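Each of the next two complexes has chain A plus one more chain, namely chain B in the first and chain C in the second.
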Partner chain A sequence: MVLSVENLTVVSSQGKRTFPVVEDLSLSIGRGGTLALVGESGCGKTVSALSIMGLLPPGFSIASGSITLGGEKISSLPKSKLRGLRGRRMSMIFQEPMTALNPVMAIGKQVAEVLKSHRICPPGQIKGRVVDLLAEVGLPDPERQYWAYPHEFSGGMRQRVMCVMALAASPDLIIADEPTTALDATVQAQILDLLRDLQAKRGLAILLITHNLLAASLLADRVAVLYAGRKVEEGPTDEVLTNPLHPYARGLMDSQPKLTLGQGGTQGMARRLKIIAGQVPPPSQRQGGCHFHGRCEASTDKCQKEIPTLIARSGGHSVACFGAEEGGKA
Partner chain B sequence: MNAQDNVDLLRVDNLSVTYSRRGSPGAIKAVRDVSFKVRKRKTMGLVGESGSGKTSAALAVMRVLEPASGTIHLGDVDLTGLAGRALRHQRHRFQMIFQDPASSLNPRLRARDILTEPMLLCGLGSKSQRLEKAAELLDKVGLPPDCLGLYPHQFSGGQRQRLVIARALSTSPELVVADEPVSALDAAIQAQILNLLSDLRANFGLTVLFISHDLGVVQHACHDVAVMRRGEIVEMASTEALFSCPSHPYTWALLSASIPGGPLKSVLKKAFGLAPEKSLRDKGTHQNGAHSNGVHYNGLNDNGGCLYSACPLREARCRQESPPLREIDPGHFSRCHLANQVRDLGGALLAGASENSRDRDQAHGHGHSPDFGQTFPGQPKSPGDLTVAA
Partner chain C sequence: MSPNLHRVPDPKVGVEVDPLGAGLEAPPLGAGPEAGGDPSPGMPVNRSQRPLERGLAFPGTPGAIKPSGASQSRYRRFLRLFLKNPAGLAGAILTAIMVLTVTLGPGLYGVDPFEIVSAPFMAPDSETPMGTDYVGRDILAGVLSGGRASLSVGLFAAMLTAVIGLTIGSVAGYFGGFMDTFLMKVTEFFQVLPNLLFAMVLVTIFGPTLFMVTVSIGLASWMNVARLTRAEFMRLKEMDFVRSAVTAGATAPRLMLATILPNALPPIIVAAAFDISFAILLEGSLSFLGLGDPNRMSWGLIIGQNKNYVLDAWWTVVFPGAAIFLSVLGVCLTSDGLNDALNPRLE
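Showing the complex of A and B:
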């Protein structure tokens, strides 16, 4: 396993009180594997990613659990050691490339910084290496792009630059936090293709964080659904997306407008989309039991009192729901 | 009712929008000779990638951008001929919903002022009437009545978009231009806003010009669709016709980018392209005054051929003759010399793929097969489908 997260709990402190933001989360990704973490905003997807990277913002801390990267436990490493790992062993692609790139620094220089700080190659070879990397992610005319600035690039090209920076030091793990949310469908497809190509070439492990189920289906081989800080379902991508077991996962799939090719599509909003009423409860308002019970149509007294545990089902599919336990589907 | 249904509320004829840039020869043609109509009480979708000119067209309709040529009629009124007070006099009839609610709401105004300001500017009602209307609008868009005194940052993302929608409705417009109204929202919130728009359209008898890059959303939300690329409409039809038999290779390419991996996707990709390297190179770079990804067509390399140079079906004629937007079926327009062949080829691929998946479903005992085509998103049929031929 490249990455394994075990029973991770992350808390946020507000004054003297602390609230769990991520609870008892376990994940693992092998070499060449992609796990998609899906859920609405406020479900703890990004916090989970940041805790793996050791980049939790002030006020957040890991309360328990462990994070292991390539056999080395990194959750308890001091900051100085972590800095050496970031970029070299694991790196992150951020959602909005325009804010993640330095607007007043040439693209090539920004990529070169990664190589320099990790002493990946001798100073004389840095530029050539950057140009190679830019070419690798499909940027045309990389020699000239070296001196281009982020504002000269389109969203898709910027995201390619983010990919270069994440890959420059040949990490084993890449965390892609909503890498395509700011992009068009066609550019999204291109970026996901690129990530898949790079993954195949280098055996990368990818943790994809997204609320876009199409993106998840295009890149991931496993999907984990997060709700209010807890993993409620996990399984192979097609299993989870075609046959979701948890009522939240099912609600999420049903709320998407379906693209239908050929005859038989509905239009003009003739069909109402199914929605999940209510919102994700913020960490300070989460109570005992299943966090989803307030929005769940099938919730019972048991759901309010007890926390459902993840139960393995056939085909590597697991779900945390009392309803799904008893009668197949809730 | 029937007669009313077939009236066009918005009529855009030969609209062009250009941006001129200092130091660059010629202007960038963001919208090139675009004509379309929006039927009263219906939703018309403009779909395309960023840079295709869909937002420029919408802004021209809103009279935020000055069109270089062409006319825009709202009912009987020619909006392009109006300016100043006369234009302001018409403003209440057409309003806009913006993409990013966070940046389109003044952070220093309370909800009350956000909702009453448009009425004030259009000179509608007395102060008390405006407040009354504001309260009524909150209810209509599903916001709690006690939030009139709140500032935008005190709302959640979905609530903010509801506020933007309420603001657009405050002047009781006939036409609403919605520019990517759900793209900035979370998956689950998207559905809520789409349902809300659908209710409002029905309740208020609104006509909607709906701009989006998401084909799933467009198919769900719109009665008619126009696909734009490089400032041109490349295909236009009723939603049903467009999605059942797309007749422009670019429409197919867009579709293949919007469906999950699977045999159908690889087949479509192979046939209709959007190969990333090719299209990037084709788009060139930031030279010669084009948009950085070059999608904005600058008109300099206009050699008279079809603008879709990445088209895998391109033949000699396409290089020389610019295809007109022609009616291939009643109400179905395509800007392609090979429109009929494209439609037949696509239809055959689609039928083949659905046949395949049905066979496999039966073999696997999957009880989940739709009759035809596939329903998306994110519903690959078997693990093997996830690997797309590179």
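Showing the complex of A and C:
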């Protein structure tokens, strides 16, 4: 396993009170594998990612659980050690390629910075290495682009540069936080393609954080559905997307336009989009039981009192729902 | 996104959105990647050079790049922007003239500024183009060699200001917390001291040498740069590109120097250049008050020594005054032009 997260609980403290933001989260990704972490805004996707990178914002801390990267437990490493891992062993691609590049530094220089930070190669070879990397992600005329500034690039090109920066020091794990959300639809597909190619070539593990189920379906081989800080369902991508077991996961699928997964598009086009009523309760207002019970059509008394545990089903699919436990789907 | 993108790498998609691929069929327009300033939109790329065939569907083709941009080196870009700005250009020319004049002038003119050449208070004429002062020294010789002291004090004091201000401001702004509170209290302590008075005290204690005057002016005027730097660092450290540099494993010194500082520079350069003019003025004030280096001619010294006779012999004060004014004007205009040219976001 490249990354394994075990029973991770992240809390946020406001004054003297602390609220769990991510509860008891377990994930694992092997070499060459992609796990998509999906869920609405406020589900704890980004906090999970930042805790893996060791970059939780002030006020947030890991209360329990462990994060292991390539056999090394990184959740308890001191800051200085973690710094050396970032970029070299794990790196991150951000959502907004427009703001995630330094506006006053030539893009080649920015990539070179990563190499310099980790002393990857002798100073004399840095430029050649950067040009090779730029060529590898399909930027035409990389020699010239080395000196270009981010404002001269389109969103898709910038995201390619972000990929280069993330890749420069050959990490084992890339965390892609909504890598395609800010891009046009056609460019989205290209970036996902690029990530898949790089992954195939280098055996990268990718943690894809997204609320775009189509992106998840294009890139991921496993999907974990997060709701209000808890993992409610996990399984192989096709399995979860075509046969979601948790009512929340089903709600997510139903609220996607035109996601017909290979069956001619007619039935999907005609129906009105369903929505999941209500919104994710903020960490300070979460109560006992299943966090989803307030928005769930099939909620029972039991859902309000007990926390459903993740139960394995056939085919590596697991779900945390009392309804799904008793008889197929809730 | 359309549903047929799911899982199946549709070859059509690549073709549709790949104007680069389409461009390959057209005859190559440019001479190749080595054509430095070549603005041709269809940059020829061999398919064999493309490592990721499928991943290269590419809407942001080179045609989308401003031809003036990527093909230019940083220096050419800077020059082009700087030369486009008339005020900055005028300032740079003015500054260059002042610097050249005080560098070469004394040698060419060849008159000792302390030598008594004629009667006191001679009005400007062909012998002494700017007249003579209260003891009969040549004002032009004074203005020429006095400029060396004034301008170098201005330059070095501003450099000292920038070094102190950048160091304190960046550390305070980057680390925040206790460090910030402590450094800002120190800055405020210096800020409430009147600059001129503080510089006067230092010069009085340590002696009125040119070096001490420079150091005193630097120590009396770094606070603005420090506060400005701190504010810029606090703003910039929250930006996405700084966070992305953090996730790439950048160390604190690299983040401060390579990532944040270049973004913080434009306003700081303007402030530092303004400090040059401020230092020239402060040096003039110190000399005017008799606290300059008495063994070095400077513009302030000429004005200070002749201040009692200004109504009868205007030339003793007007010419060195004009020199100070022109230098300060030149430096201020240049700093403004630098601001516009150094900031690629303004383009």
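The rule is short, and it goes like this: the second predicted complex is superposed on the first by the 317 of 330 C-alpha atoms of A that agree within 3 Å, B and C clash if a C-alpha of one lies under 4 Å from a C-alpha of the other, contacts with A are read in each partner's own complex, and residues count from 1 in each chain.
We adopt the following convention: contacts are C-beta pairs under 8 Å (C-beta built on N, C-alpha and C of every residue); 3 or more make two chains touch, one makes a residue touch a chain.
Only a predicted model underlies this, so the values are computations on that prediction, with no experimental measurement involved.
Asker: Looking at the overlay, what does A:136 touch: chain B (first), chain C (second), both, or neither?
Answerer: Touch status of A:136: second partner only.
Asker: Would you check which partner chain A:284 touches, where first means chain B only, second means chain C only, and both and neither mean what they say?
Answerer: In the superposition, A:284 touches no partner, neither chain B nor chain C.
Asker: Which partner chains sit in contact with A:304 here, chain B, chain C, both or neither? Use first/second/both/neither.
Answerer: In the superposition, A:304 contacts neither chain B nor chain C.
Asker: In the overlaid three-chain picture, which partner chain does A:114 touch, first (chain B) or second (chain C), both, or neither?
Answerer: In the superposition, A:114 touches chain C alone.
Asker: Check the residue A:275 against both partner chains and state whether it touches chain B (first), chain C (second), both, or neither.
Answerer: A:275: touches chain B, not chain C.
Asker: Which partner does A:211 reach: the first (chain B), the second (chain C), both, or neither?
Answerer: A:211: touches chain B, not chain C.
Asker: Applying the touch criterion given at the start, work out whether A:170 contacts chain B, chain C, both or neither, answering first, second, both or neither.
Answerer: neither
Asker: For A:87, is the partner it touches chain B (first), chain C (second), both, or none of the two (neither)?
Answerer: Second partner only, chain C.
Asker: Looking at the overlay, does A:188 come into contact with chain B only (first), chain C only (second), both, or neither?
Answerer: Touch partners of A:188: chain B and chain C.
Asker: Jot down the residues of chain A that show up as touching in both complexes, chain B in one and chain C in the other.
Answerer: Correct list for chain A: 138, 140-141, 144-145, 148, 151-157, 184-190, 193-194, 197, 214, 217-218, 258-262, 265, 268.
Asker: What residues on chain B touch chain A, complex-wise?
Answerer: These residues of chain B touch chain A: 42-43, 49-51, 156-158, 186-192, 194-195, 197-198, 201, 213-217, 219-223, 238-240, 243-244, 253-261, 264, 274, 276-277, 280-281, 284-286, 291-293, 295, 350-351, 354, 368, 370-383, 385-386, 388, 390.
Asker: Once bound in the complex, which stretches of chain A touch chain C?
Answerer: Residues of chain A touching chain C: 53, 55, 83-88, 91-92, 94, 96, 99-106, 110, 113-114, 116-118, 135-138, 140-141, 143-145, 147-149, 151-157, 162, 165-166, 168-169, 184-190, 193-194, 197, 214, 217-218, 258-262, 265, 268.
Asker: Inside the complex, what are the residues of chain C that reach chain A?
Answerer: Residue positions touching the partner: 1-3, 5-7, 9, 13, 16-17, 20, 33, 43, 45, 49-52, 54-62, 64-66, 69-74, 239-241, 243-251, 254, 258-259, 262-263, 265, 343-345, 347.
Asker: Under the definition above, what is the set of chain A residues touching chain B in their complex?
Answerer: Answer in residue numbers: 40-41, 138-141, 144-145, 148, 151-157, 184-190, 193-194, 196-197, 200, 211-214, 216-218, 221, 236-238, 241-243, 251-253, 255-269, 271-276, 279.
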